[in-house]
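In structure tokens below, several structures.
Below, subunit A partners subunit B and then partners subunit C, in two separate complexes.
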Partner chain A sequence: MPKVERLTLAHLWVAFAAFFLAAILGVWQMWVRSPIPAPLATPHNYFLSLTAHGTTMAYVVTTFFAMGFGYFVAQTALARPLPAPGLAWVGFWLAILGVIMAVVPIALGDASVLYTFYPPLTASVWYYLGLVLVVVGSWLWAGLMIAAMTAWKRENPGRPVPLAMYATVANAILWLWTTVGVAAELLFQVIPAAMGWTQTIDTGLSRTLFSWTLHAIVYFWLIPAYIAFYTLLPQAAGGRLYSDTMGRLTFIFFLLYSLPVGLHHLFMDPEHSASFKFLQMLLTAFVTLPTLLTVFTITASLEIAGRLRGGRGLFGWIAALPWERPMVLATGLALVMLGFGGFGGIINMSYGMNAMVHNTSWVTAHFHLILGGSVVIMYFAIAYEIWPKLTGRMPMSVRPIRLQLWTWFIGMMVTTLPWHWLGILGQPRRVSTFNYSDPMVIGWSHYVLISLAGAVILLFSAALLIWNLATLYRGAATADRQVGYALAVHPPQRVPAALNGFGLWNALVLVLMAAAYGYPIGQFFLHDSPQALIHHVDLER
Partner chain B sequence: MAADPQVLDRAWRLWASVVIVGILILGGLIGFVVLPMAWAPEPPAVAQSAQPAQGNAQPASRIVWSSTLLTKLGHSGAQTPPATVQVCAGCHGAQGISSSPTFPNLAGQSAAAIYKALQDYRDGTRSSPIMAPMAKMLTDDQVIEVAAYFSHLPRGDLDAQQAASANPLVVKLVESGDPQRALPPCAACHGVKAGGPLETPTLAGQHKEYLLTQLRLFAHGERRNDLFERMRSVAAVLTEQEMQQLADYYAHSPAET
Partner chain C sequence: MRNEQELLRTELRWAAFVLLGITILLVVIIGTGLAFSIHPPSHHEYIDPKTLHLSEEFTEANLGTRVAADGSVTTRIVATQFAFLPQCIAVPQNQRVTFRFATPDVIHGILIAHTNVNTMIMPGYVSQVSATFPKAGDTIMPCHEFCGLGHSEMWAVVRVVPPADWHPDAQGRVSCAKS
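What follows is the complex of A and B.
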């Protein structure tokens, strides 16, 4: 097996193995919150598990998947070898070392601060150093993606960069911007606190810096799914991409509008004025644009495919689509979850409505539908699509693959729809124990039980995923190792430099970030701001 | 003209910048001009009383934790016992293991907890005919020295065997609390690596008699130096038998429980 293919497989295996382990924790957490007594259910264990689940799902699964898929796209879409594959392996092993350094203190109960850190709670310094290494590994990936595109452009002057690679580099640049906030928080605030060099921490500043990262990171997770929508799905459905330009604009919009919007995570925080919260709320509203553009373009692309396959009438093309193909099925299911999750998100970002759902299960439901639902199901579809290209073996049967996708969809809907309702009823998130003898809380119990049933379905699906991936090594050999990236209806011949690079957009991101975050961060240095005493969770009492 | 990439690009640069700056101006206008005008507080309809309400409420403790204080508590000399300690040693033992089960062991106790206890005795928020006059003789610096000294001593040898065989109902109270009575788990504050307040004392290896007395004092509201009535609200709903069992549990629990 060529080395670069091994590189992609190594990243994806780490991602999916971590995903399976974290899924087990997720079910147990749901069980603890339910009225049915769960084994080992103490608050101490719950928050340990919650930290492990969040850290794994948010940082490990997503980062390794994005890196592995990025290396694959860079090699196949550009049809040239990856520059400096040795450096890619360095990034991989750095990230692996980081994961081990972070997971051990979590398991020892020395890092139960949840994956969003929550200073002044302070964990073992190894936890933070481990996460820094994961990020450093991913920075190497981002640099390699940019280098690959730059080299290709030099060799192909005037030609448009293939959309899959353009989008991958958009994600790499977005990731570099995104990690600035959390890196500043960790390096200048949290790690000095964990080392015992400082006794107090400015939590207003640290929350603000984390908010810089916290929304854009979601788009870093999401973009691989969108790359599949634009470049793999139309081909899998037997059609063409409706518009290449629409794709480029979508990824540019993500770069522009996912960063200067993080204050919508701090609507209930006192350290920012309503004016800046409003400004960032307005900018958040623009994040809906790329998704609406995508829903339009993808639906149009699917309609092309459906009509090419003989579909007639207003809706006849839908039935004519090859739903038995995993990529098509996963996209359909992903769009349903994206619809529910997206509309929930619009409620979260609305300043007034946010006050009603803030810190409730509603929010947990929202990000599970988006990340755990539409994004992750597309990760599965991408894996099923590219695995045969990587191993040279066809799937033995498509039925367990379809079953896995369906059970993930059903499980996620059954888990998260009751959560939304529970959130409206006032059920708090990040709470380990509920008093089900309370007259108000007893009314929640059947919704929680439905969610628990959903979680069990999800665990089944996660196990089936591992089974399916393992069987992909035992199928019949195939010579077809070419990846079919979708052609656009009008393939681009020449595109303006603005749609073929990122110089202009980086400058505009800088303008947006200066306007949206300049004062909100600067105020902590201009005025005396209250400090909080550091609270070490890794020290004995 | 439209096919020339140079010309195309100029238009992209111009319009992209205009749109972005336009959105920022729109957001700025609404956020910083229109909304503050709409939100301007109305003057109160009725003149507020100039006289603030006179209350007798007093804080349960007057300690203010600062990083300077915590640094002193963490770094004060542990090697040589300060002279003051000789007085303490009379009851609490030179190695912090007390001579009578009614006096608490101080060896390995959190420095913040000892500091708070002494300060509370000094200003009268915690009362004791023995400790109050003793504490009042100390200066601020001596309180810090004493607290730091005892906190560095090793905790006593503990009976892990007995803790392992503890009553499961008590273990449940310690680890999970009892939501039906709004009882948080003891371990949420007193446990290892717990998230409780800074001044929370370590209970492991403490004398049963001492722990039981304190629980009873909290339950009857005779001890009142717990902020936000945390311990008074807990102790008030514990039964006498649970207090006995919990005191016994902690008296025999190993340091890491």
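What follows is the complex of A and C.
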């Protein structure tokens, strides 16, 4: 047992340490973009920092968190030892090696291509190889999650897989599908170019392959937060989960609809016809379905808790909820950020409105509210929830934990609300400095300064997170090591085979992907699409 | 606590409500798209980036704004690390203008502030968008896609010229300098 606890803690510590370092870079970047002169502000440093921030937040923090939390769920929800824990450690060290291989060229300025790569720009090959190792480490994790569920089902024939584990395996399978796009781009296009084996690259193909990954990866980041909504929150609030079946359907919908929609990132691209953009827009609209179903189930579960605690009337149960508990507070704040981020996302995916906001600060605001807001605040809440189970020590005080959650929420709102407005005014993303003496730009300055203030609040909160986690080792010892996964109002005795496995859904994903991506990818092989010359950023120094 | 059937009914009612919401959303998007003929830039036209400077259309002498014999206005712009050619683009007020972009090197992108003009510019493709500018004056056209360390310097101006000042030369060309 202690070994698996070490495994989870190792993954989560890597995630949160990387998160803190990347948060420092984020504040500095905001400072560079502002009218206040920042130290070390050169384009070389800015794009180095931007690459490090994006790579860390999108690939390192999220992947390590999902892996660590997955191992924890597999052990606790299934109440059986993890199969082949040695392989889990191999995955961990592969991913660590990969992070080091990627970070060194970034720090040297040899990989300033941002985490989304943008070939024909080409970085040091070590950067890409490092990321491949991180993904390979996570594939081991995905295999172990599937193996753990399969073994449990063999030992418990006919019984429904606990929802937390069913959702974790949905995420593992989603991740395997998700990484196919970026893996193909890296292995067949980008790495041969970085090695010098090829001199040209089909950028239309590489962007299309990356788009395969780019939307589904967001749901890989998000699903641990949803697992907490369904299986940890109702218990923390003192209630029951409204519906176990709705939970299963939600995670199945995520698996189905987060993949065949990536082309909505390419609405403004010249290499795709309007028809496939339109088709994937239609499919994108259905990604809202699992989230809106979740909002209902979670609200209903909280209402049960509020009424059990004596809340009355139409809204009285809201006040009766135990908002002082980190998991409940974090969920409330996460849902507000998910609301703002989600509505922004619906505008992004609108076939006609995307042109107003594509590649502006609006989009930066959207995904910071989703990943930097709802997702990571639930990562914090999960950490606060499971840390005592892992270390056997109670928090000394819940007040700094609440302060950390509140400051993260306030900081994120203060940072991102002005970004939305700046995006509508036409402020582009991924630009290091603006000429604030330009009369067409000077009007942006006070909005940028408000965002900078928000970023400083975020940095305070990130530091407080590390302090809180460190002090969780110093609290009073507790014997309560049992994780309380929420019981459903009507716990399922049996569920249909389709809701207890993924065979049918994998077949459906294949069909949807063939329909949505078959021609958009195939066209680059059917037609003689033009090639672009490779541009090595690592040789330009 | 209510029985399982009742719970299921509340969930189905909510699901129907959500599906109705999604349908309305799609109807609005499709309806406005058709009514105002809004489509994302999907002009699928190849051009070899390696020989762009030799192409008839995107040679230096042919860049910028030109009024054709039939009165249509087209402006041709090359986006290259780290500048636009030309850096200032003159367009007429209240007339449809077609923009054609190409690049010889890496991925770029543009937006024109306060308009719906937005497109990626990919090596290998001509990106085509069109727009009408109702308000005279200058507006910005920054590069909005990371294209290298000089990306932030890649910043152009669109000058919307009122009809009184719009004077194409003998070849139909108009530049910022002359208007």
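Here, the second predicted complex is superposed on the first by the 538 of 541 C-alpha atoms of A that agree within 3 Å, B and C clash if a C-alpha of one lies under 4 Å from a C-alpha of the other, contacts with A are read in each partner's own complex, and residues count from 1 in each chain.
We take it that a residue touches a chain if its C-beta (ideal position, glycine included) is under 8 Å from a C-beta of that chain, and two chains touch if they have at least 3 such contacts.
The structure displayed is predicted, hence computed values, not measured ones.
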item: Subunit B versus subunit C as contact partner of A:199, first or second or both or neither; value: first
item: First (subunit B), second (subunit C), both or neither touched by A:512; value: first
item: Contacts of A:282 with subunit B and subunit C, given as first, second, both or neither; value: both
item: Partner chain(s) touched by A:429 [first = subunit B, second = subunit C, both, neither]; value: second
item: First, second, both or neither for A:538, with subunit B first and subunit C second; value: first
item: First (subunit B), second (subunit C), both or neither touched by A:478; value: neither
item: First, second, both or neither for A:495, with subunit B first and subunit C second; value: first
item: When both partners are placed on the shared chain, which of subunit B and subunit C touches more of subunit A; value: C
item: Partner chain in contact with A:351 - subunit B first, subunit C second, else both or neither; value: second
item: Touching partner for A:504 - first (subunit B), second (subunit C), both, neither; value: first
item: Where subunit A meets both subunit C and subunit B, residue numbers; value: 43-44, 112, 121, 274, 277, 282, 286, 433-435, 438, 531, 533, 535, 537, 540
item: Residues of subunit C touching subunit A in the complex; value: 1, 4, 7-8, 10-11, 14-15, 18-19, 21-22, 25-26, 29-30, 32-33, 36, 38-50, 81, 105-107, 109, 111-114, 116-128, 138-140, 142-152, 155
item: Residues of subunit A that touch subunit C when the two form their complex; value: 43-44, 47, 112-114, 118, 120-121, 202-204, 207, 242-243, 246, 266-274, 277, 281-282, 285-286, 288-289, 292-293, 296-297, 300, 346, 350-356, 358-360, 425-426, 428-435, 438, 440-441, 489-490, 529-533, 535, 537, 540
item: Complex contacts: residues of subunit B adjacent to subunit A; value: 3, 5, 8-9, 11-13, 16-17, 20-21, 23-24, 26-28, 30-32, 35-36, 39, 65, 67, 70-71, 110, 175-177, 179-180, 182, 185, 187-188, 190-196, 198, 200, 202, 255-256
item: Subunit A - residues contacting subunit B, complex; value: 41-44, 109-110, 112, 121, 158, 198-200, 256, 274-279, 282-283, 286, 433-438, 494-499, 504-505, 508, 511-512, 515, 531, 533, 535, 537-541
